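Labels for the chains are A, B, C, D and E, by order of writing; each one numbers its residues from 1.
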Amino acid sequence: MRIGTLKTSYAADEALFDSSLQRALLVLLALAAIAFPFVASPYWLFLACLCAINVASATGLNLLTGYTGLVSLGQAAFMSVGAYTVAVLEIRLGTPFFINLLVGAGFAAAIGVLVGIPSLKVKGLYLAIATIAASVILHFLFSHWSLTGESRGLSMPPARLFGLTLDQPFLLYWLIMPVTCLMVLGAANLLRTRIGRAFIAIRDRDISAEVLGIPLLRYKLTSFAISSFYAGLAGGLWAYFFRVVTPESFPLVNSIFYLAAIIVGGMGTILGGILGAVFMTLVPELLKFVANWATPIYPDALAALAPVRTIVFGGLIVGFLIIEPRGLAEIWRRLRRFFHLWPFRT
Amino acid sequence: MDALFLAEVTLAGLGAGALYALTGVAFVLIYKATRVVNLAIGEILMLGGYAFLGFAAGLGLSPWLALPLAIAAGGALGWLVERALIRPMLGESPISVFMVTIGLGSILAGVVQLGWGADPLRLPEFMLSTPVFIGEAYLAPKVAIGFVAAAVVIGLFLALFRFSRGGVALKATAADQGAAYSVGIDVPRVFSVAWILACATAAGAGVLVGAIGGISPTMGVFGLSVLVVVIIGGLDSIAGALVGGLLIGLVEALAGAFLGGEFKLVVTFALLLVLLMVRPYGLFGTHEIERL
Amino acid sequence: MTASPILEVSGVSLAFGGVRALSDVSFSVPEGAITAVIGPNGAGKTSLFNTISGFYRPQAGSIRFAGTSLDGVRAPQRAARGLARTFQNIALFRGMTVLDNIKLGRHAHMRTGVLDALFYWGRAQKEELELRAEIEERIIDFLEIQHIRNASVGTLSYGLQKRVELARALAMRPRILMLDEPVAGMNREETEDMARFILDVKEEWGVTILMVEHDMGMVMDISDHVVVLNFGQVIASGTPREVQGNDAVIAAYLGSGDVGAIARRIKAEAA
Amino acid sequence: HAGIQDYLKILNDGGGIKGRKIKYVAEDTAYKVDASVAAFNKITGQEKVSLYYGDSTGFSKTINPELERRGSMLMAGASFATELNDPKKFPLQFMAGPDYTEMFGILLRYIAKEKPGARVAFVYSDSEFGRDPIGPSEAVAKELKLSVVEKIVTPPGSVDVSTEVLKLRRANPDFTIFHGYVLAPIPEFVTQAKQMGMKSQFMGTFWTMDNSTVQRMGDAAEGFMGVMPYRYYYDKDGTAPMLEKIRQMRPEYQSTGYLQGFVTAMLMAEAVKRTLEAGKELTGANLKAGLNSIKDFDTGGLFGVPISIPGNSVPVGRIYRFDAKAKQMQPASDWIKL
Amino acid sequence: MAGPAVLDVNNVEVVYNRTVQVLRGLSLQVPEGEIVALLGSNGAGKSTLLKAVSNLLSLEDGDVTAGAIRFRGDDIAALTPHGLVRRGLFHVMEGRRIFEDLSVEENLTAATFALTGRKLPAADFDLVYNYFPRLHERRKGLAGYLSGGEQQMLAIGRALIARPSLILLDEPSLGLAPKLVEEIFAIIARINAEQKVSMLLVEQNAAVAFAVANYGYILEMGKVVIDGPVEKLMRDQDVREFYLGLGGAGGERSYRDIKHYKRRKRWLS
């Protein structure tokens, strides 16, 4: 059992991880992440990379929707901007991948700002629909523009680093995982400064925020920019990971997926974005295991998998919202408190 | 382009628009009473189509019996959804509730696919099929019937709100449930009634839409166009749904005829964006009252 | 009052569609004193505050603050220049703790940009820690809210919420503090607490105070100067004593002051 | 899926290929690229795979570099996308039938023969699948001296096609080819067009052509035509020992999708056999070489004629027409080889 | 106390979110035809009590865990909130809670649902406009744009439409100008006298509450600490000091004279 930690300086009180036990756990986690690729099969590595990409994107959306309160159904579209930019740069110019990633993310951020402009006037779900409109328009553009390969999409060469060709999950892991960790850390940092507070203020009550010295448009656009920067970066990683980008790679369902991920994980907490994205990525795989396992008993299990997956996806969203609206992060918090106080209270 | 073609395209557009409007009304009904943005409306519509198929083809009932049964099934679904999913969400943030409806849509699509398979199906023919000519312009008979049915239902709803207290009860409940209780409004009933009426309407629209284009588990995307309709009309305005529906139907038809089918969606959504910049609450939606 | 005015409102008019909320309002607020704005409901007091803080744009007239015109200056910049306020309907951010709510008040005076924030260790951290120290030592101690600093504001009682709002306004480094009905809904005891804080802010921090309040007991006791609005127009201004005796003010706003007598009369009539 | 299983059962029951049995592992992917890639990684991570059957076009494209890198597999897919029929770009893949452009080519050739100089319209969905054959097919039509009078795009998932039908009527084509759909909105299209008194002949491609699908078109099915590389399940003309075997194993009607799987498995097995016979290792390139060495191969009557695989596809097909009385697609032409 | 009790609250305990206990064994009665005042500091649980009576607690995740509340002899636990209103118990909630995007008239129309199932003549809007002429002027306008006082009038007007036999009034003077407080309380007194409506009145402004009420309860921490006829309460030393702001000598204390240390009230109970 741990006893309440006593802090002696404001710096200690403002730290991200407030106890030595937490920091020790973090180091352990990092070590595990480093050891993982050496022990895991390509399949698990593949999943780990996919989870990381989704975490990056979900964290971005969490900043926008969970913290700033601007509901967006365009996250997948912003990812597609990043992915296409990366693919075009890689194919046409062959510039180094980190430049491509940054340019892609920057470009996505610019588009995000553009899409965010209505947010000053358009509120709530009207705004969500406006972001759908933006995705539809982007989708149209990508599937009819020769530069982006029209509806056929683009296939691109792998990323290269020091003469190494990053074309397997094992190598890509070392690109994707660190980038994602940095992105999550950046988001956590952002939130403990005036910018994070401004976001939350806008979410809770935007009109009074303005009178308190927070320029609304600037911060709403900042939020859109950061969120779509994250999406763009995630999309760029996605592009290097799959090496083909088509208009169907980032459908509207994916935007819903990210929204669902932060809701299931817990909106407005960094941990929630991470847990939610990982959880929602892994559940379909879990279902596959179940189906394979059930095949001998129930031969049509595989055929039923697609609809069952749709049902489970919906069921998870509905179930979480009704039973634990604050998501996995809240469950995690309760678990922690339980162990924290362990022998004494339940 | 000759005038006849233009006239025919316009008629076809208005016909399609009427179905948008009808589904839009179902959407608005729920929003008006419960402030829930029901993204599952497309799937509920789809379920109406499948229910009709189930009654007519599965049980071999006459289509004229199957139709009211399908509508009733829609109503029952509405009742169930309201009870099981919406009522527990009272007081949660609008995003959460709207995500619940997304989840519901996903569940319904999955269930339909599990029950009827992923392939598109056709509804039994039950409407008259002699072509309708208005002047010289051709109008597909089903589209004409859809138009008339939609017009009648929307007219009924408009009259209901104009000449009864029902509309006030809906709006009051949506605005503040506690206060609505405190003035003697039976809030749970308002909720139930709104969902039952809306889902029954959507199911009826589903039969019409299915009769025209067949039914499939992906039919829910119809809901996306309906969303555009109600946003353009204003989320809480029945008249808005009517105008928005006809407008979108028309715009889609014209875009399809003169630009090509691939432009339909993008043109309507672009229109939506432009309109939102000018009128953030749609054509007829009420502004939120914001005071410091 | 001899002090020079810090805020000058001249000829301000504001209308919403057909409703004239303010018409040709002029008055000035002397520096370092407490000025109260009173008037019937719907007279336009809150609208006046909203106009001063830049939330509404007046159709006519201008406002000068500390010698410079505020025309064309948007709300956030006005806040940055030292116009701080509280709200009639408490506008705390329910998703944040008390401490974060207070920190938010300092927003406009901070420099941290997006890049600083993403990296945090460095400039952003330095600034955050300075802010924390100052808030702890000056504001939280002063308003006696140490025990709730990590509470989320939603769980606090009404009186404490009002106090946190005041703390947030103080964190804005105000030169003028505008309080919209600071003691509405409070009982006598809590009103006394709030009155004491207001007086201390004026005396110890040297902040000018502009306040709207319907509690005449408090207004008349602590304010130095009173402005009376009715139907969007200034109908009187002066010291509390002057205003209290003004017939127009009594007719429009103060009333007879004896509910008991009226009630007794009604009961007698009914009987 | 069932088709592959059945063929492998026949094969393994018959002793496998040169004594080797073939093991079949399946994963569901919901036609989503990332799910498919996940499945690919999972399967290849667990087993040493020589033959792979993928689902969508997107997947085939995505995985291609990986296939080349591994070089150990031969892959076939459910997709007949034209783009995949390029042995240079996709050296380790093939499809068990004509690609979509070739399907159009067969249809157009038939049209040119029936009615030289006919007016043709293409109706297709606004998707990768729908757009696939349109460009090249226009060129083919031109070569055959047919005029393409209208190209109509419908948005994906659209149900109401009234305006498109109006457009079609103005173009007044003799033949209308639908592509990029399974069923909807073809029936409504045909019904409305017939109501308007149009006389156009309506045609479809592989995914529309399953007998049960056409049946579901209701009245609109009458006279509907289209191209199909395989024989239908119920086709009893000529000698078709394999079809006979299928009918024994599965007494009820099997879809053309089933046949596709069956044929694919058969061709894959043939490639393995030839590679082993040549005494070579089972690498992707060797398997593909084995496959390409197939000439005038008899598929036990599943294709109506002996086939060859010069590239990535089997460019053979036949025109069928729906007979409402028999409720069956009936042959309307001979086998056409490109 | 005169007359039978319209409302009888007996030993009620209320818990929010299954964790926070707010009322701890509270009892009070409202006799037929009288106005009972309920005073107490912020957070004492006054609004909570009213919500418990009108059965609206469940909306905020609150529960009555012990005790019983009877309205005209019926246990309210068995009744729905709207059912209670239709039997004649009307709750004018704290913060007015008018329907902002309905017009004034529609707000009154909404209240006619309270008449459902009762054999009463049609709703009488003129009765309301008679008491509140200001509302008549603005009857077509959106209620959200009314000033605070007008909104309070509308809230009371809605109660009048419902023809209740008991009105629960939660802080009707909140945010109102002194003159308007006078007007509203005069009207409250008139309504009580003319319509024979009983009232349970929650107020912070003790002076005006005592002016119209017959009997008073003072609440601290979810319990009644003093009660009695208004005349008796007004003689109580603590009530004088903490609720009426009268100094020891009887004259009103000035806010300027408040020292930094002051005596906090302590109720012994």
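Here, a contact is a pair of C-beta atoms (placed from the backbone, for glycine too) under 8 Å apart; a residue touches a chain by one contact, two chains touch by 3 or more.
Per UniProt, the chains are A = Amino acid/amide ABC transporter membrane protein 2, HAAT family; B = Branched-chain amino acid transport system permease protein; C = Amino acid/amide ABC transporter ATP-binding protein 1, HAAT family; E = Amino acid/amide ABC transporter ATP-binding protein 2, HAAT family.
As the structure is a computational prediction, the values presented were derived from the model and not from experiment.
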Joint neighbours of subunit D and subunit A, given as chain labels: B
Fewest touching-chain hops separating subunit B from subunit D: 1
Rounded Å distance, subunit B centre to subunit E centre (Cα mean): 44
Chain centre separation (subunit D, subunit E; CA means) in Å: 77
Centre-to-centre distance between subunit B and subunit A (centres being mean Cα positions), rounded to whole Å: 33
Distance from subunit E to subunit C - Cα centre to Cα centre, in angstrom: 28
Sites on subunit E at which at least two other chains make contact: 145
Multi-partner residues of subunit B (each touching 2 or more other chains): 262, 265, 288, 291-292
Residues within subunit A bordering two or more other chains: 207-208, 211, 306, 309
Residues of subunit B defined as touching subunit D within the complex: 5, 8-9, 12-13, 15-16, 19, 119-122, 125, 129, 131, 138, 140-141, 143, 209, 212-214, 216, 218-219, 221-222, 252-253, 256-257, 260-262, 264-265
For the subunit E and subunit B complex, residues of the former touching the latter: 54, 56, 59, 80-82, 85-86, 90-93, 97-102, 106-107, 109-116, 142, 144-145, 158, 162
Interfacial residue positions of subunit E with respect to subunit C in the complex: 39-43, 145-150, 171, 174-183, 185-186, 189-190, 193-194, 204, 206-208, 210-212, 242-245, 252, 254-256, 258, 260, 262, 264-265
Subunit B contact footprint on subunit D (complex, rising order): 126, 152-155, 157-167, 169-170, 182-185, 187-188, 191-192, 195-196, 213, 216-219
Contact set on subunit D toward subunit A in their complex: 1, 26-28, 30, 33-35, 37-39, 41-42, 44-46, 58, 61-62, 64-66, 69, 83, 126-128, 131
